Amino acid sequence: MVIPLIILAVLSVIGGYVGIPHYSLIEHWLVPVVGEPAGEASSMMWLLMAASVAIGLAGIGLGYYMYVVKPEIPKSIFENFGVIYKVLFNKYYVDEIYDAIIVKPIKQLAMVCWKVIDVIIVDGTVLAFARVSRFTGEVSRLAQTGAIQVYGVFILLGLLATMGYLIYGIHH
Amino acid sequence: MEFITNHLVSLVVFTPAIFALILALLPGDGETGKKLLKTAAIIFSLVVFLLSCVLYQTFDSTATGFQFVERHEWISVFGISYYIGIDGISLLLILLTTFLTPIVLLGSWNAIEQKLKAYLCLLLFLETGMLGAFVALDIILFYGFWEAMLIPMYLLIGVWGGKERIYASTKFFLYTLVGSLLMLIAIFTLMSMHKAQLGAYSAALTDLYKVKVPFNGFNSPQTWMFLAFALAFAIKVPLFPLHTWLPDAHVQAPTAGSVILAGVLLKLGGYGFIRFAFPLFPQAMHLLAPVFMGLSAIAIVYGAWVAMVQPDIKKLVAYSSVSHMGFVILGLFSLNAIAVNGSIYQMLNHGISTGGLFLIVGMIYERRHTREISDFGGITRVMPIFAVIFMIVTLSSIALPGTNGFVGEFLILLGAFQTHKIITIVAATGVIFGAIYMLWMFQRVMFGPIQNNENKHLKDLSLREIVVMAPIIVAIFVMGIFPNLFLSKMDVSVKAFLSQMKI
Amino acid sequence: MEDQLIKPQNLNLSREQLAMLLPYLLVAVGAMVTLLAGVTRNANNKLAAAGVGFLTIVAALYSVTAVWGEPSITLFGGMLAADYSSGLFNALLLGATGLVLLSSYSYLEKEGIHYAEYYSLLLFSCLGMMLLASSLDLIVLFVSLEVMSIGVYVLVGFRRTDVKSNEAALKYFILGSAASAILLFGIALIYGATGTMNITELAVIAKTNPAVNPLMSLASVLVLAGFLFKVATVPFHMWMPDVYEGAPTSVTNFMTTGLKAAAFASFMRVFMNMGFGDNLTSTLNIGLHNVLWVIALLTMFFGNVIALTQRNIKRMLAYSSIAHTGYIVVGFISGGRSEYGYTSIVVYLIAYVIMNIGAFTIVALVGERGDRNTDVQDYAGLGFRHPLLGFGMAVFMFSMAGIPPTVGFAGKYLIFSSAVQAGETTLAILAVLCSAISAYYYLRVIVFMYMKDPIRDSRVAFTIPVTLVIFAATVATLSFGLFPSMLIHAAKKAASI
């Protein structure tokens, strides 16, 4: 886990640098599309940047002090505040909580999206058109019995319907 | 020389077809014959790429209107002409097409053994079809290319595809055909309106833009005609809920087919919206924009979710296409400069990164003959070069800053937010889910211990495969770091497009 | 009235009239000479008959082109038209007959039913078709229809020892005679109502007197039904699949192309002259419009959906042919109400003839003795085994499905765009949806040819004439698809009165 963390650390330094107003090389990266950034960097922005860097440095300092300079401190904390240590050690159980209330439900929902909505409803509708066409074909070919009398009846019916319509139908 | 400069676009479009005919005449028997065919096809497609680079170089990015215009009488009774030309938008899509074709030809060097000659010819014919659709300024000419290109793609999937290839290819063909046929009826309506209003038949796009299509709300000719066009293009994109042909087609297609399908064919849907559906029916477009934006937001999230639970890598990538192309539609329908630029950029990105992903899936499939995610694990240990390349493409697909994907999605979301906030927020969650399914897949395939013994002796990428992937990696970074190389080319065209869309 | 009576002095022909009449005379003489070849019990009489038959057609075609574009006249006191339309259809019908004749020779040899009379019947039928397409008098129309049909009745039953072929011939004969009787009854009623049988005179009466005459309505229905039977629209179509399947393939080829084109040409001439499609103001026109609307829709729909379920390729093409008839009827509906309404019919007919001749010639070629090997499965792997044959069949199938750049697309383009222009958008939408259904079964042929492995090894024996026919049809399908202007111009001229 150390190497990925190092990579991420380096990247985050670069990522932070990218956002510093006026000193960033890529400030004008998307200018033709987005336009020049509106407004000047205010003193508030600089203050916030300084504060966050300070907090970060303080954290690094504390970690260095606790684990490198005086490694007995974590041990005494563990002995004195067991529960809190455990919670902290497991990162407040954030991963587990996430897993239970977000990851699992979404995965289940996604399964429903795929198996029910996608395959049965959406694709099923598409295939239904194909099946209905085919089914109509299968049914209507039953009239095609090969018996010439049946054919004659159809011709007669067609003729009568047309005549009936043309002589009586259009006057009403 | 004069001839070449005057007919440059025609040359780019038809050279692949001519080369395909030459290829068909070459002898192709035996090992050496096959090698000759493959080499010839790659060289041919590189020639086409170089021609399109000349196009890029000589293209004037400050001029408005279409460039390299060529117009000849064709079917004069209906005002149909051979009328082609390009603007900044089509220029970039042409480049994408000619860029991907040599890559897929090289990529399928070992994959295709049977009926090689027909395969190579069809790919080149397909290239002509796609390029033709991007340059056509005559609506019937466009329709001709649009339909004709179905045939090679259909055969590519159907002949060289996987187990369910016949089902998938037929579905692809029929699905697309239904949409296009309804569009054809709308085209006829438009042309007869042109005849009624302006007194002559014309299929030229520049003439058809002048037609005033009656519009008064939902139930009016313009809305219906827009919907007919939108149906054809939305199927191609594909937009939820018209996407179900895509997973089947993608999974069954041979690698080259998938790459071209995802890389270029889907773009034709987006391009169709920009070039045809929007400017021809602007009021209907404004009326229906919220609906389409909503559908695209659904497509983004839905595609990502369904991708998340896919057991098959290729199907996962296919559904990711639904999600990514949703961004394109979202950006287009938000109709402001930033989002539209982003959409076009996203089309290019998706072509590069999803094309790359399909190539990667193809490479791993050639080694293991499976695409189930659960069959893999720990591949990084045996294939380090592959792992690096796969990682880069994955990161590009999830739009990490510095890669091409970021530029497109960022611009789209930035632009769309100005038009419709809630839909954009929903769509933005798609970015997160996109990262989840890609990284999760990557983790399961590449990291962890090797559980399957067959995976222990996989060979890393060969030189050929590295050469195949190298242009894609380069493109990912170049497009991510220097987007202005491309954005500047289409800026004027996008502005012209937007001014067309003002009611 | 006086000069309409057939008197000897009216039968005097001028030079122009004789030139116009020459194609018919040539075919009639050729048919009789060919018949003589059958009388000689010489072993080579078939070759002689085929040769004479083919030369007759070439000569007749030449005589058609010799008077191409001459000013229109009428022959026999206005009974027969000699105009651009008759010239175009004569060329089309002669061309179709010629190609069928070329492709028949080896087929008949293979089937063992080769008799010299075949060619004579073919030519007689062709004569009937040509007369039918140019007749301006209802009696001439009826007689030529019979000349055409009787020849085909015999040809359908040409495989004498085969039960299916006999059944087909008998069915066709019985139903065809019934339809002829209906047509004749209609003609009689028209005569009763108007006192004339000349179409141009009838047209004048119909246009000057648009009030509905019940007798005229009834007569129109009967004549309409007679035509609709010959072109096979729903519900008058049911004889057709059985006949197409039972007839020797070369005869099916002849029926599906020549016979249908001639019947449609005549139908169009009557319909157009009477001004039925010109407007929707008279009650009769509205009524006919509505009837044809329903018939067109039913024909397209049922033709296509039943074709979906067929496995025998001859039967499938028969149903597909019914569906194509439906598209052509759409052309009648848009008719005079759009600029290219009637033109679209002519273009579609030409397209239809070209692609069907190609497809049926291939079916005849691939089929084995006794018309076996005509299932779709039998086409498995054909595309790669015989690349050019496969390519041709694929082109025909895509053309029938209406995919550009083929002549089938050009035909559909005209039909559907005219329908839209005539305000029949709903029908056009339904028609394209039917056409989308049809793509499935055309694709299935492609699927078998290119995407499946052959189930058994069967070789196709090519002969030069058959190869020529397939080649010509393929080239025509593609070149008229890419450059249809000439076709449209000619059709436009033929479709104007």
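Here the chain labels run A, B and C in written order, and each chain numbers its own residues starting at 1.
Keep in mind that, in the parts below, a residue touches a chain if its C-beta (ideal position, glycine included) is under 8 Å from a C-beta of that chain, and two chains touch if they have at least 3 such contacts.
Since this is a predicted model, take the numbers as computed values, not measurements.
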Quiz item: Which chain pair shares more contacting C-beta pairs: B-C, or A-B?
Solution: B-C
Quiz item: Taking every chain's C-alpha mean, which one sits closest to the mean of all protein C-alpha atoms?
Solution: B
Quiz item: Measuring from the mean C-alpha position of chain A to the mean C-alpha position of chain C, what distance in angstrom results?
Solution: 58
Quiz item: Once you find the CA centre of chain B and the CA centre of chain C, what distance in Å lies between them?
Solution: 43
Quiz prompt | Centre-of-Cα separation between chain B and chain A, whole angstrom | solution = 21
Practice problem: List, in ascending order, every residue of chain C touching at least 2 other chains. | Solution: 440
Exercise. Give me the residues of chain A that touch two or more other chains.
Key: 130
Self-check item: Per-residue multi-chain contacts in chain B, two or more chains
Solution: 174
Quiz prompt | Contact set on chain B toward chain A in their complex | solution = 171, 174-175, 240-241, 243-245, 302, 305-306, 308-310, 337-338, 341-342, 401, 407, 410-411, 414, 483-484, 487-488, 491
Quiz prompt | Complex contacts: residues of chain C adjacent to chain B | solution = 340, 384, 398, 403-405, 409, 413, 416-417, 420-421, 425, 428-429, 432-433, 435-436, 439-440, 443, 446-447, 450-452, 483-485, 488-489, 492
Quiz item: Can you name the residues of chain B that touch chain C in the complex?
Solution: 74-78, 115, 118, 140, 143-144, 147-148, 150-151, 154-155, 158-159, 165-166, 169-170, 173-174, 177-178, 181-182, 184-185, 188-189, 191-192, 195
Practice problem: Enumerate the contact residues on chain C facing chain A in the complex. | Solution: 171, 174-175, 178-179, 182, 212, 214, 217-218, 220-222, 224-225, 229, 234-236, 238-239, 241-242, 283-284, 286-288, 290-291, 301-302, 304-309, 437, 440
Quiz item: Inside the complex, what are the residues of chain A that reach chain C?
Solution: 130, 133-134, 136-138, 140-141, 143-144, 146, 148, 150-152, 154-155, 157-159, 162-163, 165-167, 169-171
